[in-house]
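There are two complexes below, and they share chain A, which is joined by chain B in the first and by chain C in the second.
What follows is the complex of A and B.
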């Protein structure tokens, strides 16, 4: 099973489904545990942002999470029908601040930028599409 | 996520296991913040047992997201405002990596073991 989909609602309780879904997928496809952790956290951060900011109403919406392993590359595509929302336009967080200066929040996308090899955002047919990629060595784990 | 609280002399130790994320951050706030926010004048008996010396024992914590980091930062700010001390112990490698990336390793005092935390606090 090299490809799998998880569809979740725009509700933060739904975030709980991501970890077990990725756990099963990564084990089946021999993805090393450190890569599993980093990609799962990245999906969590991005989907949290989508749920928080992409929908300006109280209606039910869906977010599609497609995961795929090809060779030694794990690729995740997140797709939602929310308003145009590109998290990559967030300004970089200054992590050299002291505790007093440190602002609460804004760390999510910073973490994703640092953990993933590649992040791409596109607006496609009224959908937000976010693609993240992480390569791994098959000898690890 | 589970939080088990214990007292070691005048130090409060919170053993945190599982995931600290969007869905568990509120539970963490409800368990930990009252320890710090307690008003000594309202309850003199609690004065010596407040969490102004707090160790978060994280050996069993296997996942933290930015929502979890947020409540840890608030914890540090609250304790600092009361001139207390906070040490994080037993952090797993993948959690330490997230702290490093987020610039939090220089803000928090992080030690390998609970014993070391208790001797330093």
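What follows is the complex of A and C.
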């Protein structure tokens, strides 16, 4: 099992650190590029939500991004000390609506739900813990 | 920083995006689309060959702009979308609202959309391009309402008021009001315009109890009261759309180009345009005998400021303006009458209802639909006399061939 950690501040400027971090990790561990793209996008959407909604104050906080590969499974654990916030309670976006009725709110989590194999939310010792998993076939490389 | 390239052709604006469209660059993309649509872009093809990342923040911008463009017969087309990005568009439900081509070849193989209007014609000079469709050669009467001469020394009285039945004019401009009792309405005369039977008026007095008047098809027996003005009713002999070649075309230049569209010596024009800065004026005292100056003319230098509000710099830079105008090919064609009181040699007179900022559809034949969309959905700011150096970007107009009655 290979594991790596990125710690970022609750500031949208920090989001741009995610892509190069994942790029290096996925190349090193032979994760196919489509899985790399989808997982990186999912982290971006979830961390954007955390930065926007998890902290009610203007203080500095940290968000931990742990990424690991075991066999053909890529697993990401996001951890923050914000208030209890479960993005999975977001109502499902109805994408069958007309263009005029289409709303943008909730689209990020909708994309994550559709791209990932599994999403789990836990509240642990005053931390929000979000785990996303995506499997891939190793033969593609 | 968002990296991009823009290429404009006759039919499309092509926008090539580079890199990441995420929470950081999405606001820049929003501003860029706003600029491209204000510059007249309606069909915008976005090339994704060099985009490696798209998040929901970026998707939000595409959805927002697509909503705006679909209202004005435009759209965003997505080109060279990789399988990765296609999946994001697909799970977001966007594939139903956008034409998406995975390769440029796929796009190029789509037959070009033919213009629905049969005999599309074009006139173009260094300032303006006008496309138009001729509909008929019918000629209608120009109604000259009231007398213009009494405005100069503010000597109108109740007997000078011309009552026009609502049904008798589709378009008109002048100093007018609506109401039944002269004692009640006489202090509410002001710059007015009638657009497809909708009356807009800006009372001349300061702090009137209405900021402007709007009457949209409320009562068919209603009528307008004019002190002076022009009006017309009739089918459009031509429907046109225009586009400034550079950033803008002035009203003067537009007026000079319009006679290319028709042979008539006198035209009525119903115009909808996006502004790039307007010079306007409005009378601010009612020119009735009660306000008559002791001597001289209200257009005299020493009285002008007391009688008129006028622009001293360009105002209304991205507004929708709806105008009624009269153009005379040769000024002497009007029998002993000027078209405006303040500049007697001018061969045109336009009044404008100025609405808030927005975009117009540029499809020929959609003038009336667009006018009604604007009247129902936009807020009106002012009704003004439009001055020739006013700058317009693009728009639609209909021409009615006129002759003096």
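As a working rule, the second predicted complex is superposed on the first by the 139 of 141 C-alpha atoms of A that agree within 3 Å, B and C clash if a C-alpha of one lies under 4 Å from a C-alpha of the other, contacts with A are read in each partner's own complex, and residues count from 1 in each chain.
Heads up, the rule we're going with is that a contact is a pair of C-beta atoms (placed from the backbone, for glycine too) under 8 Å apart; a residue touches a chain by one contact, two chains touch by 3 or more.
In this text, all values refer to a predicted model and were calculated from it rather than measured experimentally.
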Simultaneous placement of chain C and chain B on chain A, clash or fit: clash
Partner chain in contact with A:16 - chain B first, chain C second, else both or neither: both
A:41 touches, of chain B and chain C: first, second, both or neither? both
First, second, both or neither for A:96, with chain B first and chain C second: both
First, second, both or neither for A:115, with chain B first and chain C second: both
97-105, 259-267 or 367-375: stretch of chain C that collides with chain B: 97-105
Residues of chain A that lie at the interface with chain B and also at the interface with chain C: 12-13, 15-16, 19, 34, 37-38, 41, 44-45, 48, 95-97, 99-100, 102, 104, 107-108, 110-111, 114-115
Touching residues on chain B, where the partner in the complex is chain A: 19, 21-23, 63, 65-67, 69-70, 73-74, 76-77, 80, 94, 98, 101-103, 107
Chain C-touching residues of chain A, taken from the complex the two chains share: 12-13, 15-16, 19, 33-34, 37-38, 40-41, 44-45, 48, 93, 95-97, 99-100, 102, 104, 107-108, 110-111, 114-115
Chain C - residues contacting chain A, complex: 20, 22-24, 53-57, 59-60, 63-64, 66-67, 70, 83-84, 87-88, 91-93, 96-97
Residues of chain A touching chain B in the complex: 12-13, 15-16, 19, 34, 37-38, 41, 44-45, 48, 95-100, 102, 104-105, 107-108, 110-111, 114-115
